[in-house]
Amino acid sequence: MELLIIAPLVLALVSALGSKWNKWLSVAFSLVGFALIAINSNSVYRAINEKNAFFNIVDMPWLGETIHFSLGLDGITFVLLLLTNILIPVIVLSLNSDKSPAMIPLILFMQAGLNGVFMAQDGILFYLFWELAMIPIYFITLIYSERDSFATTIRFFVYTFVGSLAMLASLIYLGSKSVNGSFAYNDLYNVQLGLRESIWVGAGFLLAFAVKIPLFPFHVWQPNTYTYAPAQGSMLLSGIMLKMGLYGLLRWYFPMASESIDFYQPIIMTLAVIGVIYGAIIAMRQDDMKRLIAYSSLSHVGLIAAGLFALNSSGFMGGILQMFVHGVNVVGLFIAVHIIERNYGSRSLNELGGIAKNNKAFSILFFLVLIGTVAAPLTNGFPGEFLLLKSLFDYSTTYAIFAGLTIILCAVYMLRMFQFSMLGEETQGTQNKHIPMIELLPLFILAFFVISIGFFPQWYMDIFQNSTKGLLNIISNAKGVLS
Amino acid sequence: MIAIAIVFFGALALLFLGINKEEKQLQLASSLILGIAGLAVFAESKSMISFDALFAWVPSSMIAFNPTAQVIAAVMAFMAMIIVNIFPAVKRKGMDIIGLMMFSLCGGILMLGSQHLVVLFLGIEILSIPLFVLAGSDKDNLFGNEASLKYFLMGAFSTAIFLLGAAFLYGGTGTMYFHEMLLRLSFSEHFGEFPVLVKTGLILVSVGLLFKVSAIPFHFWSPDVYEGSPNRIAAFMAIIVKIAGFAAFAQLLSAFAPMQTWYATWMLPVSIITVLGGNIIALVQKSYKRMLAYSSISHAGYLLLFLMQPIQENIRVLGIYLLSYGLGTAILFYLFDKYAQGEDKSVTIFSGISKSQPLDALALIVATFTVAGIPSTIGFIAKYQLFTSAFPSVKWGVLLALIGSAISISYYFKPFRVLFNSSSEVKGAFSITWKSVCLLGAVLGMLILGIFPIILNWIF
Amino acid sequence: MLSIFHSLEISHYIYLSTVLFSIGLFGVLFRRNAIILLMCIELMLNAVNLLLAAFTEYMGDKQANGQMFVFFIMVVAAAEAAVGLAIIVMVYRNTRKTDVSFLDQLKDS
Amino acid sequence: MNPIALILFFPLLGFAVNGILGSKLPKNVASWLGTLMVLMSFIVTLGYLNQIASDVENSIKWNAYTFLNIDGLLFKASFALDRLSIWMTLIITGIGTLIHLYSISYMDHDKNPAKFFAYLNFFIFNMLLLVLGSNFLMMFFGWEGVGLCSYLLIGFWYQNPSYGHAARKAFVMNRIGDLGLLLGMFLIIKNYGSLEYADVLPAIAQGNGGTVLLTSIGILLFIGAMGKSAQIPLFTWLPDAMAGPTPVSALIHAATMVTAGIYLVIRCQALYSLAPMAQELILWIGLATAFIGALIGLRQNDIKKVLAYSTVSQLGFMFVALGVGAYTTALFHVTTHAFFKALLFLGAGSVIHGVHERQDISVMGGLKSKMPITYVTFLIGTLAISGFPLLSGFFSKDEILANVFHHNIFAYIVLVFSALLTATYMFRLLFLTFHGTFRGSDYSLSDVHESNWKMTVPLIVLAVLSVFGGLLNLPHYIMHSGGLLSNWLNPTFLIFENPIHAEMSTEIVLISIAIGVFLFGLIYSRNQYITKGLHPESPQSGMGNVLKNKFYFDEFYDKAIVKPIEFLGDILFSLFDTLLLYGATFSVHPILRFVGQLNRKIQNGNIEYYLIYMVGAIALLLGLNLLLA
Amino acid sequence: MDVFSNLPLPFLILSFLTILGALYVVTSKNPVHSVLALILTFFTISAHYVLLNAQFLAIVNLMVYAGAIMVLFLFVLMLLNLNKESEPIKSNLWGFAAAISAGLLLLVLTAAFQTSGIAVMKANAEGIGLVKNLGRVLMTEYLVPFELTGILFVSAMVGAVLLGKRDKNDSVKSEETL
């Protein structure tokens, strides 16, 4: 599996040298490569079938004896790897590489970092990959942003960096407590913290993850970055990077600082639910499609975070499924916006309209992804949202009712976006232009997932069902130790 | 010892041989000498070869290099080599400038090995006196003159302070060997109150060293002097002086380990002020060079945090940090020197070099990441190890240091604002030269050490 | 030595040299002429020398470490003086001034 | 292959074929394909009718696959064809077939009927999902699916922004109901650990679960029903939904989808029978809807709007029936209503078609000469809905009234009054459209034409059904063994529904009242619009305006809910998010810069200051150390 | 003050002279005067050395400081003809600041030593300060530093040369300078 980290780097170097076939090469390699890796390794079989949370697959000393280059794998990790290595080629496909030569190497570099984040089984290694994934996106946004790139990106970078440093502090603290200062996942997990210190450690983790997810008050970097970043940047950020935060909650925060969960649960829940409604209400009034999607993503992710913090199996299962689904949907939406902007030179709802007239296929695909986001049944959005709301309901009816408003509000702003961009009378901007079929290829790929998850979610849930059980056991045991 | 000998006699020889050669021709030779010195001392540290026979006449234990100190000496030598090598030579005959740099390098190495107040004092002076001169080596430059005089006066002043402290230490303990000082005190004093002479002396001596490593509030000389003096001299000061200063400081404090809890009480505030102050002030600098000066101040702060805990066992961490700091700073100074030919000294000098000079752009990025401590470079490894080893004793200090390094991002990354501009004027065509090879080597070094830090465990 | 000095204590020498040192310090802070500053620094060094000599004497240090140190301090002081005066001359050559208060071209802008 | 799979498969196939390569197919093929598919599932259903009929316990089950499995908590994609669902299926596919047939020529002029038929088939599929699903989840799938389809079909002519608005309104309002439904489902899962009817309903029937729980579940589910079946306060979307093509209105917004709410309640009969509070709520909501809908219907001039409000009102009738626990009656009315309301809509469509896409009855009149078949069928429909004796509507409505009479006299009075209104506005519509003088200005009566056989055949069939539909459930005073429907359905009820057996005299009174109501409506509107020849646009009294403007419901919602939320959105975005939060967070940088600037004073380049500072610092260090010691 | 009670007179006088000279060095307007005062101070300090049994040190002090260094200073002063009251005297405020900070340091130091009396017993160590002993120590224990001063001097020399040497390009300026 470590090939998942090495291969993209090599590929990045290759594509950095530049050739007009970069795009297709990289896509082919990352798809085929991932397929081969996934099929050949029997550890994937283990990951899916054993109820064994995060077993080790690679382990070699990296810095002294305390830090090992150790990668782990289980169902949860695998499903996120699946997401990453499917979305990255899709994103690369959606890009017209002649305009932005440096993009592909950076994206591939980032792919390596992301794969690492999801597999890292050593605290410091996790932090390392966490930052490694940040660097390319920083440069992507910096180089290809449309306006005041430096101000936006430096704010985004520093803001997230502060969070990451808080996490580093927590990790260092845990490491200083663990047996002979080792940062291995299990050693850190075995550290027994008192309530106060675990609250501090948890604060460090939560800050990092809340910024990355982003949770309600910590989302300030998000709208501008999503809006001004190049479309691919927004896709990477919202589609995959944001999952790093949620994954961090699952994999690192809950087991490591489990004593503090009871303390943080109500706070985070409230913030998340506030974020759900807040994002939705703001999204209802946006004119810039990307900004609209940014706020909608804030709302959806808030729901996921709340579901995870409900700490019951339906919440976890739904949350993890929804991570995958949200990645697919939001990337689909951004691709659609990207296509519209590329062909009609605007993404302002006021200037658009009537695109559906000449582009039937595009409008169908767009609508498919859109109702996926709205979580209509038989699309991928529904199962996750259903489970999340259920878990919230089991936690507290009030929260469920408030969070449930999202299924109304989401319909409002998403359909509004569709109405004003695709339907209605054509504007002079959008008159009889046809979108080339080739640009729709990524959307076709995503549409497959929208439908297949919508009809057969259990196929996907089976991947991480056992591992989630294992993880839940770990967490409940850890909580049990204290209480 | 061997390094000092090689460097000194090599420099002497070159001074006489190259009396009327262009400095450009002597660069390679001198860097060769430095390289040999570095290799020799490194080999000695790994006990591949031993030069004890050569120095059998050395009667006393005033100078003793432990392996780590030898490695750090090697690092200093290589740093000096890089600096001598990549910076362009000045238009003048003879190599007195490079020679002086090598002399002061001798002083720096001497400080590493000093176990005795006198030797430490001599080391400091041998390190400083050539630098006083070098700061003004560009004689017609008024800034250079001012820098030189400022540095000299303040340096001499700090020397006086240091000496007073040394005298008190001597008076308090009756010896000048660091490691005997506390042993000379009577048993009760080991655990109870330490004699006021010792305390005062230690404070004053530390002030002298804090001045050398330019920790706030003894930093006033460094921004001005860096700005005034020629770029390569500034780089030399920023790197060699800091390495030597901290190595010596570590030597001294490791002897006073029993007093650690005491000296932490007043050194912790200094280091925190240094970290935060250095970073915050660097934030508002217009000149990139001054910004680098303040960033080096903030690095001094991080290192001071590290000194706040029992040092002996993991002094190697110090070495790793100094190595990464030196590499990064050297490259940043070099790039500044290369592009700041005109009046403009702000970051806009780097405008658009990613197109015209990709290698330089890469070097700038990697070096910035190194000094900022971003992963995938040695900088992260260094900073991480520094913080982890300092954490148990100074938790809050480390937290503040983390905040400081978060602040530092926003000024380190300033060049990226213009780096990717589509530059109107092309700053020279991209060509493979000896310098660019060295540069590439340094960049790869930073990256490889960052990705395979296991190598560091072998080096240190 | 002379027995009348037996009532002397080391602390007196400490006070004396501290006073001297502080006077030199005061001079450094008070004067502006670079040369005078240098002289004041020499004064401070001498205060230290005196102190070292006193310590040697009162500890009866057979190795005479203190006095050794004094020698080295003198050596260094000489070297410093040479270099310093050279610098001062250079500055004077360029700016016709030895007044340090005019050295304020380099500062935070 | 499982029959249910077949039934579901055909419409899905039609959807897939028409949807994917519809634009390639020739128009006729696409339309006939769509129609055929629905017909197929109708036939299949018929084929299994007697198997179901043979024994109460018989019901065809199909467990397709496990949709979700959260450690043990199974959500199965399972379906069942029992007596209730087959009844609904027959209505859906049967009437669906007719309406498809009708649409073939109705959508003839449209650019791509393929898309239209794809949507229709997809709707049928979802509707079947709704009624065939043997658990709440599948029901919910269909539930949301039909909502989606109605969104698509209302907005079928998407060039027109107002249609799009109507479509979104429909979808969102349905969503509000869906939230309630969803929460109800969560409550069920929490307490019964399953969503299968087979697990939940018997458990309820055996009485585990307190009244509070049952009531709250009932109310939550009913909120869903309110959204879907356009009950007050969530009814305003239905009239707007008339933006869609007329067949859509007939199929979705009259015959099938809107009755999903009734289906839901009947399905949960056991639940509601044990939750009297919820039942009361249903009764009064239904009553209000029936009354207000009828009132508004009085003053509408858009032919489809009138029918829409009559639908609202009729749905109210059904809920009233449910409210008083007459489930069979409700289903009976669903059935008859499906017949005559579909008939009326299709007739209206035929009229619209005939007068070239005009819907305003104020420009019609005297059309009966030009389109006789349409007129006759429309007349039958009108008679049926307003309760002309021995027509389908008469029996079903009369049963409702009888049940209500025995339950609550006040409700009875109100309901009678709304029945009276029903008769009135229906005859008003009839007279204004077909009788009297022709009022068209910009076109002449001569170019009004009757529709072709593809449109009239369904009309005729439906007319026949509306006439004899009453036979499906003859009241016991005619057939003492009990009506067909009640015998068909009663055994499936987990909690036995006791039919009211009033003595003859009361029945006669009630029937005569009903007839009187009918006659009054007939005579009143004849008097108004034939003898007086009152013009529909004639100036209205104050009350008239209120009715014309639908009690200002839309305006109220706009002012009270939509606008405030939008305002809130603007405020949050521009003030809180952008200004406050963003500003506050990133004001750190300027503050730090300010602090840094202070250093200029200190680092002023003058060495004397530097020395003083240093000495001060040293003194400070020493002094502190002294004090600490 | 009992500090000065029963102190031998010569010591008091010497200290008095020393401090007086030092003060004059600091305060006199005329640089030349301060040089002379400094030389006086050095003489008194040498006397102190004698009292402290550091006879050789006393001599060296006279030779090196009073002889070499001070002459060098004088030479430079004459060279730059600063032998008049060139320096604009600073404001009293400045004097205050300087005095305060210097006094502060003094105060702190003395206070530090007040708190704990330094008890260094007076050992009778005859002849430590004689050349014989010093030479032995210098050539045995302090051999390495002794050698190392070579580097110091070479670098100082080279540096002084580097700064003092006239380059071709500034020959004109240096002509009219000196």
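Note that the chains take the letters A, B, C, D and E in the order they are written out, and that residue 1 is the start of every chain.
The working rule: a residue touches a chain if its C-beta (ideal position, glycine included) is under 8 Å from a C-beta of that chain, and two chains touch if they have at least 3 such contacts.
Note that the structure is predicted; figures quoted are calculated from it, not measured.
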| item | value |
| --- | --- |
| Fewest hops from chain A to chain E - one hop per pair of touching chains | 2 |
| Third chains touching both chain D and chain B | A, C, E |
| Innermost chain, where centres are averages of C-alpha coordinates | A |
| Most heavily contacting chain pair (counted by C-beta pairs in contact) | C-E |
| Per Cα centroids, the chain farthest from chain A | E |
| Chain whose mean Cα position lies farthest from chain C | D |
| Between chain A and chain D, centroid-to-centroid distance (C-alpha), Å | 37 |
| Rounded Å distance, chain A centre to chain C centre (Cα mean) | 66 |
| Distance from the mean Cα position of chain C to that of chain B, given in whole angstrom | 27 |
| CA centroid of chain D to CA centroid of chain E, Å | 104 |
| Per-residue multi-chain contacts in chain B, two or more chains | 118, 122, 125, 129, 132-133, 136, 139-140, 150, 153, 157, 171, 196, 199-200, 223-224, 281, 284, 410 |
| In chain D, residues with contacts to at least two other chains | 589, 599, 603, 605, 607-608, 611-612, 615, 618, 622, 629 |
| Multi-partner residues of chain E (at least 2 other chains) | 94, 97-98, 101-102, 105, 109, 112-113, 115, 118, 120, 141-142, 145, 149, 152, 156, 159-160, 163 |
| Pairs of chains satisfying the touch condition | A-B, A-D, B-C, B-D, B-E, C-D, C-E, D-E |
| Chain B partner contacts - residues on chain D that touch it in the complex | 589, 592-593, 595-597, 599, 603, 605, 607, 610-611, 613-614, 617-618, 621-622, 624-625, 628-629 |
| Footprint of chain E on chain B - complex, ascending | 4, 8, 12, 15, 57-60, 62-63, 92, 96-97, 99-100, 103-104, 106-107, 110, 116, 118-119, 122, 125-126, 129-130, 132-134, 136-137, 139-140, 171-172, 195-197, 199-200 |
| Footprint of chain A on chain B - complex, ascending | 369, 374-376, 380-381, 384-385, 387-388, 391-392, 395, 398-399, 402-403, 405-406, 409-410, 413, 416-417, 420, 453-454, 456-457 |
| Residues of chain B touching chain C in the complex | 117-118, 121-122, 125, 129, 132-133, 136, 139-140, 142-143, 145-150, 152-153, 156-157, 159-160, 163-164, 166-168, 170-171, 174-176, 223-225, 227-228, 281, 284-287, 290 |
| Residue numbers on chain C that touch chain D, as the complex places them | 25, 28-29, 32, 100-101, 103-109 |
